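Presented below are the structures under discussion, each in the form of structure tokens.
Each of the two complexes below includes chain A, the first together with chain B, the second together with chain C.
Up next is the complex of A and B:
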């Protein structure tokens, strides 16, 4: 366990170095969040009853999403991992007494967390001071907040486990471009990154909610805004656990298979 | 102890002719050729041995190293290293080995080298005491005092290579694989690395397997040489024997003055520049003569030549190891 912690620490410290990138990220996320909220505002003005979520809840959804963007966006993949597969630097990683799957999992978590730590605070604090109804509101009660934390961790695991599959497929395709485009574009839509899942027609929403993508940001963000609670929440958490397990087991199996036939590229 | 028996490995390589239409064709039908990287490779290496593994580019050297270090799975064949099959018990196996790939880096690019070392300490679970001890030893022997506080990206190639070697030895492995460790190094760094490897082998009885194109590495480090070409082991033997077999020639370089040189059987004039002094009937010259040691001894040749002229300067040089290897490659047609 010590080795994973140490690995996590180095990766984490490494990630904290990129201050300029964090600043740029914060600026982008403010702009993006504001645009999204203004767009929805236009819809809500026309007919506030046509939507399944109250406007302040939607606003919180958007701000939380922007604050924790690097935790949940599947397009946030690590080029270093793709490169190491492409050019064969993976050779050194395979020379270590440590499982490659666990190592990459730890690494992805550390990377995403270090970025999120740098970015979330400014966004959360500033958004909280925006005037009603454009500001970030607190969760309904402390219980909702605890549930939010739990679902946040689970969603994080599902996202990383899913990204692991993208990395592993690269062992077979060598070039990551195709897989990335398809996986990323699809997941954006299915996970509620573009529009929250409750905004979709009911039948489609019911199917989407069973998919692993719904176990990503959809659950914690809706738990925070109070849109998801009670029985629906418990089912969502159960699905999160099931999908984490399935994704991790699939990833480990595929990885073991890939390593059997891996060819270290280049000299 | 390393036992390798009948290892085979074939790679599939996608090939196509140049050009747009060819590129479009491969969209629908890809042609693969299989390349036999390793063909029935077998050898045994005892504990504490230093072995040079040589062969021309693309002979299968790196593939062998990759199989031995557990990162490549061969098609068939057996390999036991300290009783374990590398690709089946990868994680246990790699605890015992250190690997340096001369063309890659294991150091974290943006952080000081010491941070990479400490990460390796945790990954291998090296105790703090053992880590300090090994680190101190490596720092002194490889002269790293200043270097280890610098980020890897700001090191020169020679400095980085010394750090790479140190990084591979922190967990005191019993076996060290070096895949072209002196590639791109200057003379000083090369000699430092060689001396270090020699010391390591003497002091810790570390088994060393070394692939290189630099024959001076081989000459300085190893007694035993394994030659591989087109995936086959062609020769496995003593470096001295190899030299004798292929290096039965010596060169005599001499300055002389006298009547001129009269060569006998076994001597072959490679070049001869001279000026004639008409008044005294003497020739002053500079000659390079090749001797075939099967027909004539060096002492005999010198005696013969000195009876014909005054030898003002003389030097004898053997066939260089590079020439030996060229002859070797030629003989095996690789």
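Up next is the complex of A and C:
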């Protein structure tokens, strides 16, 4: 456990170095968030009754989504891992007395977390000071906030476990292009990154909510905004736990299998 | 021009060497932008109009922007990936050749896989045309044509600026994504829905509105100002400051070595 912790710390500190990149990222995310909100606003003014969330809740959803973008975006994959599979550097990793799955898992977590830490604060603070309907609002009560933190951690685990599957599939396909594209294209929509899931027609939404993708950003963001609470919230958390267990077990199994007949590419 | 055609044919030939890879990437491109379409589709399942634009009208707008963007990305891809050319010192080689450097960068990469995205845009366009009640006449067709030309030029201009920044920063700048990917993503709706301020920025700073919103008004009979037909062409002037910025950047170019 200790070695993974120190590995985590190394990666984390390493990630914190890229401050200029984070600044550029923050500027981008502000614009995206603002445009997103303006777009929903246009729809809201057309027909407030057809709007499935309260407007301030949606605004908070968008800001939180932008602030924690690097935690939850599945397209945020590490090229280094793909490269190590393709060019044979994986051999070095396999020489080390550590579990590859666990190491990559901690590494992905550290990378995502360090970037999120750099980016989230400025976005959250500035967004909180925006004038009324456009600003980030606080969660309803402290209980909602605690639930939000719990679901956030669980969602984070689901995302990383899912990305691990993408890496592992690359053992079989070598070129990451295809898997990456499908993973990115599908998951983005299913997880509510394009439009929040409540905007979908009810029956489709109900099916989507059972999928592992809904256990990603959908749950914490909607918990924060108070859109998800009570019984729905408990079910969502249960699903999050189930999916993270399933994804991790599948990942470990698949990886063990892949490593049995791994081919080191080149030298 | 002859040289560019030569580049073009080389890239085309190389694509045909890897048919499967080409096909898969094209399909991937199709899927990725399909997401955005789904977003629009489901929004209109719930709302039937936004700021006076109907679903089919939005599709027209979205498809035209997507066509413009794919064309620009297909041909100006060299500028989009320019940071790697700077980073590995490749640009030194370009500089010593007795040819125009813009031509060489343009020719360095042509992404035919963008055809996947293009195809989707064309399908959407055809569907949008079928569903919306635009009465097509010569000037309407011209408007669409001008929009596509103007839009492609504007997006190319943005790519050139993006590349020119690399002369100073070596790395690509993430915030430029707002003007490329962002414009594509949010250009799916007529710019007016984002409010007056955004419309002003997109009219005077980067002329997206000139190739998207105003001609669209004419196309959909929401305005009868015939001047709007020619607006997209005037947006082509945007390429001039981009070109000057690029020239200025080159003078500041310092090789990274290696």
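In this text, the second predicted complex is superposed on the first by the 267 of 267 C-alpha atoms of A that agree within 3 Å, B and C clash if a C-alpha of one lies under 4 Å from a C-alpha of the other, contacts with A are read in each partner's own complex, and residues count from 1 in each chain.
We take it that a contact is a pair of C-beta atoms (placed from the backbone, for glycine too) under 8 Å apart; a residue touches a chain by one contact, two chains touch by 3 or more.
Source: prediction; values computed, not measured.
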For this session: Return first, second, both or neither, reflecting whether A:173 touches chain B, chain C, both chains, or no partner chain.
Result: neither
For this session: Pick one for A:185: touches chain B only (first), chain C only (second), both, or neither.
Result: second
For this session: For A:92, select first, second, both or neither according to whether it touches chain B, chain C, the two together, or no partner.
Result: first
Exercise. Does the superposition put A:39 against chain B (first), chain C (second), both, or neither?
Worked result: second
Problem set entry | chain C-facing residues of chain A, complex | 21, 24-25, 27-28, 31-32, 35, 38-39, 41-43, 46-47, 50, 52, 177-178, 181-182, 184-186, 188-189, 194-195, 199-201
Exercise. Mind pulling up the chain A residues that touch chain B in the complex?
Worked result: 2-3, 5-7, 10, 13-14, 17, 88-92, 94-99, 259-264, 266-267
Problem set entry | chain C to chain A touching residues, read off their complex | 21, 24-25, 28-29, 31-32, 34-36, 38-39, 42-43, 45-47, 49-51, 171, 173-175, 177-178, 182, 185-186, 189, 193-195, 198
Exercise. Which bits of chain B are touching chain A when the two form their complex?
Worked result: 11, 62, 66, 69-73, 87, 90-92, 94-95, 97, 99, 101, 103-106, 108, 110-111, 115, 118-119, 122-125
